[in-house]
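The two complexes that follow have chain A in common; it is paired with chain B in the first and with chain C in the second.
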Partner chain A sequence: MNVTSRLTALAVCGGLLAGVAAGSGRAGAADQPPIVIGTTISQTGSYAEDAKYALQGYQLWVNQQNAKGGLLGRKIELKYYDDASDPATAVTQYQKLVQQDKVALLVGPYSSAITAAVANVAEQNKMPMISPEVSSVAPFKRGLKWVFQGQAQSTRYVAGAIDIAKQNGYKKIAVTGEDTAFPRSIAQAIPDLAKEAGLEIVFNELYPHNASDYTAIAQKIKQANPDAVFGISYFPDSIGLLRALKQANVTPKELFFAVGPTEPNFGKEAGKDADGVLSTTNWSANLKTADNGDFTKAFQAMFKSNPDYHSAANYAALQVLAAAINKNKSLDADKIREFMATTKVPTVMGTYEVDSSGIQVGYNSLTLQWQGGSQYVVWPASYQQKKPQLPFPAWTR
Partner chain B sequence: MIAKRAGYAVLALLFVVLLLAPLSGNGYIVSLCYITALFVALAYGWNLISGYAGYLSFGQITFFGIGAYAVAIGVTRFHLPWYLCAALGGVACAALAVPMGWLMLRLRGPFFALGMLGLAQTARILTNLTPISGGSEGIYLPPGANAIAAYYWTLAIMVGGVVLTAAIDRNAFGLRLRALREDERAAGTLGVDTTRSNVQAFVLSAIFPALLGGGYAWYLTYVEPNSIYSTEIELQTVAMAILGGMGTLWGPLVGGLIMSQVSESLSTRFPQTHLMIFGALIVVLLIALPRGIVPAVAAFLKKRGIA
Partner chain C sequence: MRPELVLQLTIDGLLLGGVFALAALGLNVIFGVTRIVNLAHGNIVVLTALSAAIAFQRFGITPIEGLPVAMVGGALLGVIIDRLILRRLPEDAPTAETTSLLLTFGVSYFLVGLSLAIFTGDFRSVAYLTGSWLVGPLSIGKSRFLAFAVAIVIAAMLGVLLRSTKIGRALRAASQNLDGARACGVSIDRMRTLSFGLGSAIAAAAGALLSMIYAVNPDSGSQFTLIAFSVVALGGLGSYAGALLGSAILGLAVSFVGFFGNTQLGAMMPYVVFILVLLFRPSGLLGKSVA
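On to the complex of A and B.
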């Protein structure tokens, strides 16, 4: 190939590219380009299972909002990358969203670890960001200006279980749970909360991630002879603990597992033993919060499954963002930040409200109880569907 | 000669581009350059013990973790500047690597590889159990313009890796290491102090991840045992060095540059399947070029009489 033919080829390529660009420009000329909202989601790696529900919350809201005509007369587009559950990858991708993709707005990723890392990208680029999947308050205690917590604080996850113990006169509490960031942040809050309520911690020991045998923990709990057992456990370890406690015939008057029994599958897996177990959720389909009924129905229609509290929190984050944009009639970052920092917004999760550090003070945790094979909200009284049944029944059912 | 001169010209250009990248004011470019420099530098550190000395290690992440925690703890608990903490982390790891190397290098082949893997797991669990590390909750560092500082730190260590390797590639120490790698007993009978040389290589290759881990903590602003003592970081480093060419001067650079760019462009173009494609690519490359890219290119150039 000589120089001229190379140049010709180059010119042809350039012409084609220009044509494509012009074509897409014409297509979009009738209405304005979409508002692009950027995020990353852990589609692979250790967070993938829960993160799927979080992404669906975002997707549902974008879908619904576009059906209603979008925001400021423009369609909305959700742009997301797979961060592979890795904080460093997420940092690069958030930078890419801001610098290369020029997204107008950011929303948070999945997990406290990844939020902690990408918060700095939002700060450096002065982009307001609600992070609905961070329950630890520690990331906010280092002076963030642009990032807001969109999930109930982890310390609130046990408030109901402690209040129920206090009301029923259960004094001695045993605490266990998985030794990873999220369960630990909850477990660490218990001693102070218990002291305030006049309860005594008689056992406090965590087990490692991916533990498979809970016999030893169950035996130790039995020796401590508590009135109430608090397990800060995910789904698999909740089942494991329940079985080990039954086998060791530990008979507490109150049995609480932080998040595992929130999953509808817990009833299937544990059978009759599930009855009487208390758990926590930050959202329920029965809540009378803003648009909650519509949200649940639309979610079921779009994904053929039930939403969980991750879906609800991510959906709520976009409800707040939309409220900020509609109020200001613009995408101005400073105005949106101001709105998010100071305004109470009704959402499916409850009333969004943050303190001066960006920590969520509006959303609450609810306590559920398994009764006759179904979950009911038993605490706080204002949301109660059924009264809690206590004490926890004997294992021979 | 022409190939060599062209090579140096490319190298100089690359260095200037990397040096000036942050001036673009584009955070994405800084992040990309940072990740690339990080892996190239890690690969240079790994190449010393595993490439030149021939002890395949899957535990260099131990030193990376110690370096990262040195910065996280030093900055948040003792309010020291981060680079000082990172440097101290490097010194601490060098000191730690002397007895550790003396002990671990008694193991050979797969036993050394497994032993180092075990060491990394032990370090992760110990970190988790030590109260000052914040346990599984981790440590949050102050936010700010950390990325550019962490990048220049990492770039400097990367250049240090190239310079040090270039020296070792030519000097008597490098010759001793290669003799030991090919036949430890024969080298010993010829008067090479085997333990001393191997421990020296082990110490040098521990300093790199230690210093880089310090920069990583500052870059991420958050450390937590699982994402710092990360098997993915370890394996990616090993894969880059092997693909580029173990025990060669330019292998880590070529492997690191190519792999990090390919990985990045795959993950943005094929968000759902990028890991699968990347894995398949490594398999194909390893079958086609078992000794790595640099030795294959060198052999090709020699055959054509260019170099």
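On to the complex of A and C.
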């Protein structure tokens, strides 16, 4: 037993555990401390279910990169707090990450609402932050310099549905959806997009969160007699609307719900009525994007479940960050910002590219259709797994 | 305005009223005897709806086939809640009503947690009888019609039970005057447990049928409690005919205001009506005024 270990033993006995652990760690492992990347994730609260997939995207990338030796010869550590789906909590935690934990880099939290709130922390501290879970472009319209959108813009979620309507000559569109931030941002963008495509909006009305029933709105849509119905709806209201439209015998030629039917569960809960329903996603396992096949396989191996587009976007955000660091061979904030603002980077989501406001212009949304109980990408044509089946089938009774 | 449109909105409103009534009748049974507003009522509805979805998706058992089992399960749950928890409250304590309210609130949270543990937070629904019968220009939703019909049958059976059977008379006696009933040899304890079992069985029936209309997750319970409470307050706490009338009025209000006004306003109707009733007729339409 040499002097050092004898001292170590003594120190442990004396209760100086923390100091010794740090000391011996430094002596044993890598000669440099890890690069710490800070973020918050909604592990509790209303966003928890989706945010779980987002966090897993970050975790997978960190795991893989560390196995390859990290970045700049240093290990990477992801430091995150649970923001409880609350923007104010997240702001405090980002301040703590910067001032107290002194993290080297920041990446974005889950949801548009929380990103909008914590963007100020990145701005004030001049720290570049790619944010993979902000689909609303509103935060970027106020002139952010250090924050970049790492998710497809929410207005692109309906691009496929509109293009499909245009191609098939469906002129009259009815729009409905939940009256909360994200659905509203899409619903408000539809009239302009429809006009460009030469379509006419014949109905446009939102319903409140936790609406008790959708019968009245189904009757109104029936009176408007549209060719296509676009619902900007989450999961429960997608089911509620689908049932109400069926029972009111509304028979559109195209039926699209923005996000609810993206969940694989939709087919199980909606049964045969799901067939023909169009929905949207920003990523698919069959995309021929950079490293996409490896990403999907590695994700399945690590988490024993399939990734969703949140996982892919968060993974892609760290791909962009790594590209910035590797290119500059440093953690210099100005250089990373410059890279993120001006460089196109191939990622699992597609080609990362932002405009001068930091708004994502490279990533696109895909349109899915439920056919025979499964989801297939039907739009755009370049990613098509199956051709879209139109018109929407008559309701079976 | 075209007459078939008015007729369609009336049908929609009445069928929706049936859905509301189904959620509300059980709450009323329990209140009638125990004077306890069971805030866990909606959670029993949701727990059964989730079970119905699993039974349908895994084993192909339709909610109609499963209805008897669901009602027995609901009754057992109600009895357990009463015997294990509410029974332990001293019934003549001056704060009994507040305490029981808080307790059922606690039970409701417990049931949310239990449902999350069993069913996870996923939304579930039963894809059965989702279509409608078309009669000329009118459409009548099958699952809604079924909920409506079952609500009427349950209300009628309750009426017969309460008026024409010995147990029913004892239940009514207990609801009118605890001491008087006790003096006549009615076991108040047994009547309380019976009403909890009966009320929860009806909540379970509601859950099984509503699973065909809505997608629910464990958090959806409070919505059904709120609707049930609005219906009961409108019709008169403890009055079964009142509950039916109240739900018909609310259903029609949601249907017509939702159509001619907007959906936001329509969705507010149950609560608007609830506040108006409390302000102008606190005993409800058919309730006996509280002296």
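FYI, the second predicted complex is superposed on the first by the 368 of 397 C-alpha atoms of A that agree within 3 Å, B and C clash if a C-alpha of one lies under 4 Å from a C-alpha of the other, contacts with A are read in each partner's own complex, and residues count from 1 in each chain.
Criterion: a contact is a pair of C-beta atoms (placed from the backbone, for glycine too) under 8 Å apart; a residue touches a chain by one contact, two chains touch by 3 or more.
Worth saying up front: this structure is predicted, and the values here are computed from it rather than measured.
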First, second, both or neither for A:Ala113, with chain B first and chain C second: first
Which superposed partner A:Asp179 touches (first chain B, second chain C, both, neither): both
Touched partner set for A:Val121, first chain B, second chain C, both or neither: first
Partner chain in contact with A:Gln43 - chain B first, chain C second, else both or neither: first
Touching partner for A:Pro87 - first (chain B), second (chain C), both, neither: first
First, second, both or neither for A:Asp192, with chain B first and chain C second: neither
Chain B versus chain C as contact partner of A:Asp334, first or second or both or neither: neither
Chain B versus chain C as contact partner of A:Gln100, first or second or both or neither: first
Chain B and chain C footprints on chain A, overlapping residues: 179
Footprint of chain A on chain B - complex, ascending: 26-32, 35, 128, 135-138, 140-147, 216, 219-222, 224, 226-227, 230, 232, 264, 267-268, 271-272, 274-275
Touch list for chain C against partner chain A, complex: 5, 8-9, 12, 16, 19, 53, 57, 121-125, 127-128, 130-134, 139, 141-144, 213-217, 220, 223, 227, 254-255, 257-259, 262-264, 266-268, 270
Chain B partner contacts - residues on chain A that touch it in the complex: 43-44, 80-82, 84, 86-89, 91-93, 95-96, 98-100, 113, 116-117, 119-121, 123-125, 136, 138-139, 141-144, 179-181, 184-185, 188, 209
Contact footprint of chain C on chain A as seen in their complex: 48-49, 179, 205-208, 210-213, 215-217, 219-220, 223, 235-236, 239-240, 243, 246-249, 265, 268-273, 395-397
